[in-house]
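Each chain gets a letter, A, B, C and D, in the order it is written, and its residues are counted from 1.
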């Protein structure tokens, strides 16, 4: 019988090794896998590539990733610390120790969506003709300049949902879906922490993320304080 | 001279131009204030790039749902008829031209409509582009809300932007504390000017040359906002 | 007050003129806008471009489109008539009177999705290196050959749903969504015939297609017999 | 010689190779029959390219829901834990490599795994590609079910396909009424052969050279299917 549950956050992240790439969902605390992020911090893996909207939210839950210089590359849309004093990741970026691929958020989301959908690259107008788009291949479509963007994939994706069943079907609530819907298909192993586990299969209309895209479900009723 | 508009008054003024049935994305900061000021009875659909289609009022104290936030991480409610999609879907909506108007903050706008609103090049601080660039490239109309001048009194309405661009030639209208300015093929055209402020005074606060509408009006907003 | 209802099929199609492009959803009868298809037949517009999965289903509801040679171009995945005797569209295709852009169904769906999402073109492995992909731009990604495919847009999209509200929000049931979810955003005017109209707004979790993507709703409780 | 396998027996044989938890897309025609024959208790998730994730059994007579069909336009039910997405999403699932196995019909398969199953080049008839090409390019494993020979007795397991290809080098296994044949770097390797059929007889019905597994078995299926 299919059953994608694992017993603990540690078990869910058991094979996250040095050099792994990890996508991390969440926006403004909604869909933010705070427990898995803390677990990622605790697991000790280094030389990581993280694909996450905001480094501030990642540091909020997993400060060790940056304090211990365990991230070598970040693909993100926001890499600014909260205060006037530079954060660890700002210092590492300036020192050339952390490679940052700064993406417009829509391009970020679409590159991930492409990674899960078998589209290796696409053209988009966003960033064509401005500094952030420099160095990218340019082509006009219907007279509009566009840049070529490539798909993003990762070894792991982590996200939070409201409820799941043994098939790995996930229901999100509120605005939890955000990047997770695109990240799960774009990762070899998608791990979802959920507030509740349903012993019976979710109803078809309640399923937001089909279990086909989910490899592991871990029950984590509380998020704890989410720092962003 | 009449007092320059407050942030809420600028938001009020911008909101008056939102029309029935429009799909509108409000940027973080001053723009999001505009949602409170659309004329009563006018149905505007607010989209938020983290997936909300139909943002309602902020949640009342004690009723915040931490799983429902907008792109500014505010605890919001859903409007009647609203729903939530995912981020890739929300940006498909933006990039695909389904947003009628976006109201964005700005650092600088050039007379050709170039917008710089994402990278202020603060020393020692990292970059943050977020959804600004997608909105500036994707929305059918990009309108900017900002103070007419920098804190040190420098101009923001420029001949040419000095900061990295968000998108070229995208801005169609600017709301400031002193004026409403359209961006046209002939450059900046002032549509409304603060009462008691002379054209020379406004020009002195503006780097690029200002033209004036034949139908120039006084910039007004309700007091007490 | 926003209200996207129109009174009749005729009113819904009032501005479909000669030369229009029309996307038509439906798969195996589900989501097939049979009433709007009949209305398209009745409206008399010619020189049409149709973007539809199967010409057989289009002919089934709108035989006049082909009998009167009113379609100049079809983008589709199936252009084969049912019987051994060639259908009107097969004859017109052979005579060079009907231009057919035959797409793999996934490429067809993705080109439409791209049209609604502001992506002018994308690379896909499907059809690279086989006859159907000849003439398309080729490029390798990670050693895999891919072809460049361009977005599809149209003046109109027509589809069928289960229920809608005044905002144009649509709920699909069963497998009705099929191509309609991608077609509505890809058309200037998306028209949805629905089995039922809800006087109150649909609940957030019941909305499959947000009203932002829908311009017109027309009540049509029955489909009549769907011929495919 | 034992009777060649019936269509249902070929489907039964193919179904035995479907494993617990696999995501499987069944092509129109003979392949879709396989869903009835997966071993009892083995949970297989059937995807259909019109959007169903978790196709259940066909609807019973009188209980058909015309709004719920699979890619073969059959009136189906949803399996426990199943749901429905849209076509673009279903093909994103296929193209993105999320289908473990697709079972497809075939006109011709070449010894290098080339598949031709979409355009039989029937005179005066239009083309129909449907989802076959996306499945052949996108699924992790492409397995073909077909009669070993054409109606006129010609071979279908060829040195080189004569019909337009669906996808190059995609097929990993072929189930016919006479044999189970793997496509390997060394060409066709027979894994199972119909009882009473000699290697020479099978080769005579096959254009490309056949090799045989060291572990060659007899092709068997329950009678009465």
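The working rule: a residue touches a chain if its C-beta (ideal position, glycine included) is under 8 Å from a C-beta of that chain, and two chains touch if they have at least 3 such contacts.
If you're wondering where the values come from, they're calculated on a predicted model, not measured in any experiment.
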(message) Based only on mean CA positions, could you tell me how far chain A sits from chain B in angstrom?
(response) 29
(request) Quick one: report the Å distance separating chain B from chain C, using the average Cα coordinate of each chain. (result) 36
(message) Give the residues of chain D touching no fewer than two other chains, as numbers and ranges.
(response) 84-85, 91-92, 94-95, 138
(request) Identify all positions of chain C at which a residue touches two or more other chains, and write them in rising order. (result) 110, 113, 117-119, 124-125, 205
(request) Assign the assembly's chain-to-chain touch graph to one of these shapes: line, ring, star, complete, other. (result) other
(message) What's the complete list of touching chain pairs for this entry?
(response) A-B, A-C, A-D, B-C, C-D
(request) Using the touch definition up top, name the residues of chain D that touch chain C in the complex. (result) 49-52, 65-74, 84-92, 94-95, 124-134, 137-138, 164-168
(request) Mind listing the chain A positions that touch chain B in their complex? (result) 27-31, 55, 77-81, 86-87, 89-90, 93-94, 100, 102-107, 109-110, 112-113, 124-132, 162, 173-182, 223, 226, 228
(message) Using the touch definition from the top, list the residues of chain A that touch chain C in their complex.
(response) 110, 114, 117-125, 141-142, 144, 146, 150, 205-206
(request) Please name which positions on chain A make contact with chain D in the complex. (result) 1-2, 113, 115-119, 165-167, 169, 185-186, 201-202, 204-205, 207, 210-213
(request) Over in the complex, which chain D residues touch chain A? Could you list them? (result) 20-21, 23, 43, 45, 47, 53-54, 78, 80-85, 91-98, 138
